[in-house]
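Both of the next two complexes hold subunit A, though its partner changes from subunit B to subunit C.
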Partner chain A sequence: MAEGEQSPRRLMVIGIIGALIGMYLARYLNLWTGTAWFSFFAGLGAICAVYYGADAVRRVASYGLGTGVPSIAMLSFGAGQVAVLLGLAVAKNYSIWFAGPVIALILAAIIGLVNGVMARRVIKMNIHIMEMSMTEIAMAASLVILGLSTVIAGSFTFNAIMSYVVASGFIIAVFIVGAMAMFHPFNACLGPDERQKRTLNLALSTGFIAMLVAGIASGAINGVQAAVPTLIIAIFGWIIYYLRFFADTKQDAAAMLSTGLIPAEEEVA
Partner chain B sequence: MDPQMMVELGALTLVGGAALIAGVAEDLESDVGSQSNPNSQVQLAPQMGYLHRLYNKAISGEPASYPFYAAIGAATALSVLSVTGNNSLIGVFFALVAGAFVTALIHGVYATTSYMGRLASQSRFGQPIYMDVLRTHTPVLMAHGFVANFSVLLLTWVLIAQHLSPFPFVVLAFIWGIALGGVGSAVGDVHLGTDRYYQDRPYGSGVNAAHSGSVVRKAESGLRNSIDCAWFCSKFGGPLTGLGFGLVVYLHFWKEVVVKDWWSAVAGIIIVMIFVIMNTYLERYSRQRYGTYKEETEAE
Partner chain C sequence: MFSLLLWVWIILGGILIGAGVHFIPVGGAPAAMSQATGVGTGTTMLAAASGLTGLIGAGTAYYTHPGDFAYTIVMGGVSAALMISVLAFIANVMYVYGAGVPLASAKVKYDPITKWRQDLYVSRGTEGHGSPMASFISGILGAFLAGVGGALVFFALAETYKAIPGFSATFGSYPAPYYISLAAAFAIGIFFLNCVMASYNIGGTIEGFHDPKFRRIPKSIAASLVVSAVGGLFALLISVMLPGGI
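Up next, the complex of A and B:
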């Protein structure tokens, strides 16, 4: 960990606690008011999980995964997807609705751990943080999927998610948009001079894009109530973090030229 | 011929045409961004000391980025359809255009972040970020992406409206996105990577590891940019990709519509066998004609 970077533990707390708070706020404020105005809280929660997951991807992928960056995220989102549906079904079965996201999170951790053990012990990938990273990415993935699904459905009960998100097909958009938001930051900033702050600012910006897409989809389910606040917050958030990423890029790049020829070799040195 | 089959054959023609256009636009879009396979060479170039003015867009590979665009487009279209209703043709058309438009915007944003991000992470090799490259290439990417995604959404919509698929709209668009990205990656990349970036290498030599990153950086006049690559690939690579994806879609639904039921699976196997035999003969013919792959003998 270089100086001035955020520690993995701090990011884990931000990601998990933030995502859970967002989802519960969205669910219970919607329930108490009988509207869907508060769905956007779940989107903000999903962004916390994207922030955390992007750093986990960054840590494991900096061992030279290269083209494996998208693969590891897709694998983990598959694990997260299974964990979410199973977790919510378990919560439904035992009539403990409120515990759905937590059960999903624990199941995701277990599936992720199994994936990690398989990758390191069976396939013999020699990366010593593999188990931990796979667990973390799967946990973040389950929170992203559940958060974005909650934005669309306005609730995280099994029935709501199944009928509004899975049956309508939006689940696949949630899957790919969430996965892209999480692995794209490191995939885009791959290179020897990658820096955590820039990558994570990009993660926030892609997270707001994921929230934007979930907001658009929520319009089909809950209409204006869910869509308008989500879209406004997503667009403003995206602008802020895209500009921050741009400023970081300007600071880190060798040069940012409006135009010009290829520099001669002696100029580069 | 029964009227239902007439309608389905008409839909089939539309779907095949849309797939052809999608394939062409997809390949040219990925060529402008030097995405997928050739991307690693463009990315490697500054590290090997070859600074360039090419666009470098790594939004994953094409088989992952196209389902991403298609799913966003389909989700947006579905949301707009919940307002306009899917009874009027103009409402459906508007929804599909809205879906492709939102996709194009998000595509553009992702493209700029990967161009800037990758080059900023290679600052120690002295590769500058050219804002004019960003400004001129990104709209071209977005426009080609718009055409490709609109075509994918259109063909998905026709299949859903004709009850030719059991999947929901978004899931089907996603699956066609994977197919389109896969075909674009498999068919189109060949003509971008080896034909355009290594024009100075003899036919059939492949790319020696020593030449990694040694991409062509100078054009017929001035410096090479990635829009030149789209111009080059629009002559052969792009149409070939269109043909590839068009055939995949057309033949698949042709056997569903004309042969029907379980026999369509048999027809599918026969079609695949015919292609295998054709390809075997083609490869044998070209190897006999042009010889085996030669080692590079020139001194470096």
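Up next, the complex of A and C:
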């Protein structure tokens, strides 16, 4: 179900590699220049992860979860949040801070897999891609949380994320806005005429909105240096991809699907 | 740093959250069009509303009386129950005076609490409307259980993180220390893990304890046990990984 032009494997590579490159660029360039001008790279990385996660949500939710599309994203963000902070704490403990995002990704995959196995084997949901999807969405969620947190804190060490994102309370904004960026595209586009390109263009536009929120929060931590480039890129990105989504919608609206004849009056009752 | 008792509390809290969801009248999208019994939204939104209110109650109680176990969990339960009763009541006012439908359940012939006849008041082609007395009381019970569960998770995490060096600091003039923020963030995460698992178990909608789907509760308890054991272990391991604090 839910076929598309872009294969899941290709999107997985774009999401994971893109998110990691974005975060490392932001962290290294900020460290090297001693400023916070490059935080926006992490936001672009988070958008790659949103792109990948939205497609994973799209694949699993097209089977019909019974509880609405948001549920799976909220669950995965709950898992991703725990995995991110544990991953960064492990990296801090062994003084390998550069490996923090990768450790967080692996831990998110483990906790996602456990959730998927429980949903499919214990609760007996009849969706055969459940384990894989939960793992993928939890991995994407951890990258989105980490990416948006890096935009806010300007770095992804445990101390920076803990002080500037968790203690300040921005973690809840990151949690909700990241989850919305991931579940909204399929929630808005689902139906018999759902098309991957349109859903993913909407995912990019919601991803830029998430980056915008992170950019506003980064202004409170790192000031103008972090906020201005992030906000400018987020606003332009959002306008571009929202217009593309709008064009796709107009194009797809021209198609018509037959739903059969209206039933006779006595059958309606 | 790693306390087995606190881990057991997290698991117990997760099971209570999962069990609590089975009591709450979740109507889903059909109820939003007053075509099914329950509050007209999905579990995720109901959990976010009542669960987060419960956590705010628990967090306030824990902050004003640090380490007071009974006060924290009762405040968590009462806050969540208060929120769900407001939600169900306002939704009922809208169903009755806005949509013009009587409150009725289609799953039982007589309301188990008031013994009032139900099936006569269910419109043809629908599965009930609003939250009748049994669903309302069931929702309050369920939210209390889930709120107590969320507060247990919060309490266990806050007690663990309080011992980490440096976590009693505060962020600028913001009054709550680090350990409360971290415990609240993770309690929300573990709350969502368990309540979504439980809502998959009920297939998205349930009327309350009188609904036949309520008998599926053992599966949810098994799933919550494993999910919150893994999530709780990960959350507690942070204290082991930070021997020197931040």
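In this section, the second predicted complex is superposed on the first by the 247 of 269 C-alpha atoms of A that agree within 3 Å, B and C clash if a C-alpha of one lies under 4 Å from a C-alpha of the other, contacts with A are read in each partner's own complex, and residues count from 1 in each chain.
In this text, a contact is a pair of C-beta atoms (placed from the backbone, for glycine too) under 8 Å apart; a residue touches a chain by one contact, two chains touch by 3 or more.
A quick note: this is a predicted structure, and the numbers were derived from the prediction, not measured.
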For this session: State whether A:I172 touches subunit B only (first), subunit C only (second), both chains, or neither.
Result: both
Exercise. Is A:M74 in contact with subunit B, with subunit C, with both, or with neither (first, second, both, neither)?
Worked result: both
Exercise. Is it subunit B or subunit C that touches the larger share of residues in subunit A?
Worked result: B
Exercise. After superposition on the shared chain, which partner residues are touched by A:V114: those of subunit B (first), subunit C (second), both, or neither?
Worked result: second
For this session: Examine A:V82 and indicate which partner it touches, taking first as subunit B and second as subunit C; both and neither are also allowed.
Result: second
Seminar exercise, completed: Intersected contact list for subunit A, partners subunit B and subunit C 67, 70, 74, 167-169, 172, 175, 269
Problem set entry | subunit A partner contacts - residues on subunit C that touch it in the complex | 28-29, 42-45, 48, 124-125, 169-172, 174, 178, 181-182, 185-186, 188-193, 196-197, 199-201, 203-204, 219-220, 222-223, 226-227, 230-231, 234-235, 237-238, 241-243, 246
For this session: Could you please specify the touching residues of subunit A with respect to subunit B in the complex?
Result: 67, 70, 74, 167-170, 172-173, 175-177, 180, 183-185, 187-195, 198-199, 202, 205-206, 209, 212-213, 216-217, 219-220, 227, 242, 245-246, 248-249, 252-263, 265, 267-269
For this session: Give every residue of subunit A touching subunit C within the complex, in rising order.
Result: 65-68, 70-72, 74-75, 77-79, 81-83, 85-86, 89-90, 92-93, 107, 110-111, 114-115, 118-119, 122-125, 158-159, 162-163, 166-169, 171-172, 175, 269
Seminar exercise, completed: Within their complex, subunit B touches subunit A through residues 43, 49, 51-53, 58-61, 64-65, 67-68, 71-72, 74-76, 78-79, 81-83, 102, 106, 109-110, 113-114, 116-132, 167-172, 174, 217, 223
